[in-house]
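Note that the chains take the letters A, B and C in the order they are written out, and that residue 1 is the start of every chain.
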Amino acid sequence: MNYHWNWGIFFQTSPDGVHTYLETLLLGTGWTLATALSAWCLALGMGSLVGVIRTTPHLWLVRLGNAYVEVFRNIPLLVQMFLWYFVLPELLPVWAGDWLKQLPDASFYTAVVSLGFYTSARVAEQVRAGILSLARGQGWAALALGLTRTQAYIYVLLPMAYRIILPPLTSEFLNIIKNSAVALTIGLMELTARARAMQEFSFQVFEAFTAATVIYIIINIIVTFGMRWVERRSAVPGFIGAAPAAAATH
Amino acid sequence: MITLSKVSKWYPNFQVLKNCSTHIEKGEVVVVCGPSGSGKSTLIKCVNGLEPFQEGSITVAGISVNDPKTDLPKLRARIGMVFQHFELFPHLTVMRNLELAQIKVLGRKQGEAAAKGMRLLDRVGLSAHARKYPGELSGGQQQRVAIARALAMDPIAMLFDEPTSALDPEMINEVLDVMVALAKEGMTMMVVTHEMGFARRVAHRVVFMDRGEIVEDAPTAEFFGKPRSERAQLFLSKILQH
Amino acid sequence: MFADFDFEVIVRSLPYLFYDGMTFTLMLTALATCGGIFFGTLLAMMRLSGFAPLSLPAASYVNLMRSVPLVLVIFWFYFLVPFIGQWVTGASQPIQVGAFVSSLVTFTLFEAAYFAEIMRAGIQSIPRGQVGAAQALGMTYLQTMGYIVLPQAFRNMLPVLLTQTIVLFQDTSLVYVLSITDFLGAASKIAQRDGRLVEMYLFAALVYFVISFVASLLVRRLQRRVAIIR
C-alpha cells in the first residue's frame, strides 16, 4: 500500500498557525455540539407544538400540522439548508436580505434554524404517536375533573407521552448530531468539515477521518448512556410503557 | 338535578342513542343497565359533555350541557366521574392525583387540597398509600382512589361508568361498599353497571337500555319484580343466573 | 418580489437536470436499495445467529455505521475504495474508480446498516412456532430462513423498507460534497453558472418534495392493503 501513516500529524500545527490539528478537530466538535443542542431546542419546541395540535379535535389545526410535517419530511436536509441559506435572503426585502448575508457566523445560525425545523417534523411525529398511544380514558378523566383541554395536555397527557417516547426521541437527538455535518456545505466548520480540511492540507486522509469517527462514536456512547439514565430517573413505578408504533427509523 | 330530554347521537354509520329521556332527582340513585352495545356508556359520557350529541338536550342543575355558551370545564368540575379503567394519572402519586384538580381547577391552596385529600383517603380506607404511585396499587385500591379523586371536587352528582367491570371478583365488594356508603349519605348518583345486587341494595330506579333506546325506566322493586318489556325480562333472566 | 427572477432557466435546463442529474439519483437509489437490502438481510441473519464470531462483527458494523454522519462515510469511501480496489486486484497503485461506483459502494454499505435493523425486527416478529414447524418437517436452517422466515419477514416489513428507500432517495443529495452530478448537483451547477440560485433551488426542492410525497402516499396505501389482507 502506498499510503504513509503518520499519527503524529495531530500534534503538528495546522495551516491557521495557531492550533494543532487535534485542537482544530476539537474546535469543530464544539461547533457540532453547539449546533446540535441549539437546533434540538428548536426541534423540541416546534415539534411538541405541532405534534400536540395534530391530536386536537380541530380539523383545520390537524391539517396544518400534517402539512408542516409533510413539507419538512419530503425535502432533503441539504436542500432545505440551501433554501434557508441562499434563497431566503433573496426573497426578503433588500435590507433584511443584506443584513442576513452580512451576519457573522451566518452558517451557524442557518444550520441551527434549518436543522431545527427539519428535526421538528420528526419530533412532531413522535409526540403525536406518544399522545395517541395513551388510553383515551386518561384524557376523559382529566376533562371530567374540570381541567381545560390545555391543562389536560400539560398535566396529564404530555408527562406520560414524553416518557413513552424517550427512546425514539433519543434517536432523533443522535440524528441531529449526525446531521449537523451536512452544514459543512454552507461553510460551518464543524467536526466533519475540520476533518476534511485536515485531509486537504496534510494529506493524512485516514488519520483525519479516523479521529472524526472516534469522536462521533464517543459522543454517541455518552448520549446513549445519558438518555438511559434519564429513562431510569423518570420511570413511573409500576407502569409498563407501551412504545408507539415505529415512526421513522433513520 | 339531571334531565335528559330526547337525546340522540349518531356516529357516521349508525345511530348509537335513540331519543333517550330520563330524569334524576337530587339524592336519587339510578342504575343504568343493559346488554353490551346498548349505548349506556355513551349515554353517561354525554351527561358531562365528554361525548357530544346531535339532538336533544341534557341539563345538570339547570345548566345545559350542549349549549355552546356553557363553560364545560366549570360544569364538569361540579360533576364527579368514575371510569371503568380507573384512569388514575400514573405519573403522579395518589396524593397528587387527588390534589391536582383541586388546585388547578378550584383554585384551592396546596395545604387545603392535601387535607381534603387525606380525609377522603381515610374515608375509602387507603390513607396509608398516599405517597404511592397508581401502578403500585391493586385494581380495587385504584378505583377507590378514583372515587376519592372525584369526591375531592365536592361534586353535586356522581357518574359511574361500569366501575367494577374491570376488577377481579374479590375486589368488587370493596368498591361497591364505598359506593353504597356514598348512596346512603344522599349523593345523587347515575351508575352504569351489571351489579344487580348493588341496584337492589341502594338504587331508587333502574333504567334499562337496549340498542340505543331506553326501554324501561322503573322503580327498583318494580323492575326486578315485574319487568314490563320482553327485552328487559330476557336480560334479567340471563344476568341473574349467577 | 418575484419580478427579478427568471424561471425560464428551469425550462431550459430540464434536459440536463433530468437526463444527467435525476437518472444518476434514481439509479443510485435503486441499486443501493437492492444492495442494501441484500447485505442488510445478511447482517440481520448474522446478528440473530447466536454465533459470536458472526453476531459480534455484524453488531459492531451496524452500530458503527449508525453512529457516524453519512457525509463522513461518503468521504471515507471516496478515499478508501481505490485502496480496497488495489488490495483486491493486487495492483501497484490505488485504482481510480468513478464517482458512481464510489457512491454506490458508500450508499449500499451505509444503508445496509439501517436495512439490517429493519430486517432484524422483521425476522424477530415471526413467531417461534413457524421455525418449530419448519424444523419439525426436517428443514435445515437455510431452508427455514429461505422458504419460511424471510418471505414472511419481507412482506411484513415492506412498508418500512419502502419508507427507508424514500429516505435513501433524499440522502443521495449528499453526494454534493464530492461535486457529483446527481439531481441536486445538476441544479446547483446551473444555479452557479447562470447565477440563478433562487429559481434552481426552489425547483429542486419542489421536485424532491413531489417525488417523496407521492411515494410516501403510495406506501401508505400499500400499508392499508396489507393490513386488510392480514
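Here, a residue touches a chain if its C-beta (ideal position, glycine included) is under 8 Å from a C-beta of that chain, and two chains touch if they have at least 3 such contacts.
Source: prediction; values computed, not measured.
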Among the other chains, which touch chain A and chain C together? none
So, comparing C-alpha centroids, which chain is the farthest one from chain C? B
Which chain, with its centre taken as the mean C-alpha position, is closest to the global C-alpha centre? A
Rounded Å distance between chain A and chain C, as computed from the means of their C-alpha atoms: 21
Inter-centroid spacing, chain B versus chain A (mean Cα positions, whole Å): 46
So how far apart, in whole Å, are chain B and chain C when each is placed at the average of its C-alpha atoms? 55
Could you pull out the residues of chain A that touch at least 2 other chains? none
Which chain B residues qualify as touching chain A in the complex? 45, 48, 50, 73-81, 83-85, 87-91, 100-101, 104-106, 132-137, 146, 149-150, 153, 159
Where on chain A is chain C touching in the complex? 1-3, 70-71, 73-80, 82-83, 86-87, 90-91, 174, 178-182, 184-185, 192, 195-196, 199, 205-206, 209, 212-213, 216-217, 220, 246, 248-250
Residue set of chain C touching chain A in the complex reads 1, 64, 67-72, 75-76, 79-80, 83, 86-87, 93-94, 114, 117-118, 121, 160, 163-164, 167, 170-171, 173-174, 176-177, 184, 188, 197-198, 201-202, 204-205, 208-209, 212-213, 216
In the complex, go through chain A and note every residue touching chain B. 135, 137-138, 140-148, 151, 155-156, 159-160, 163, 236-239
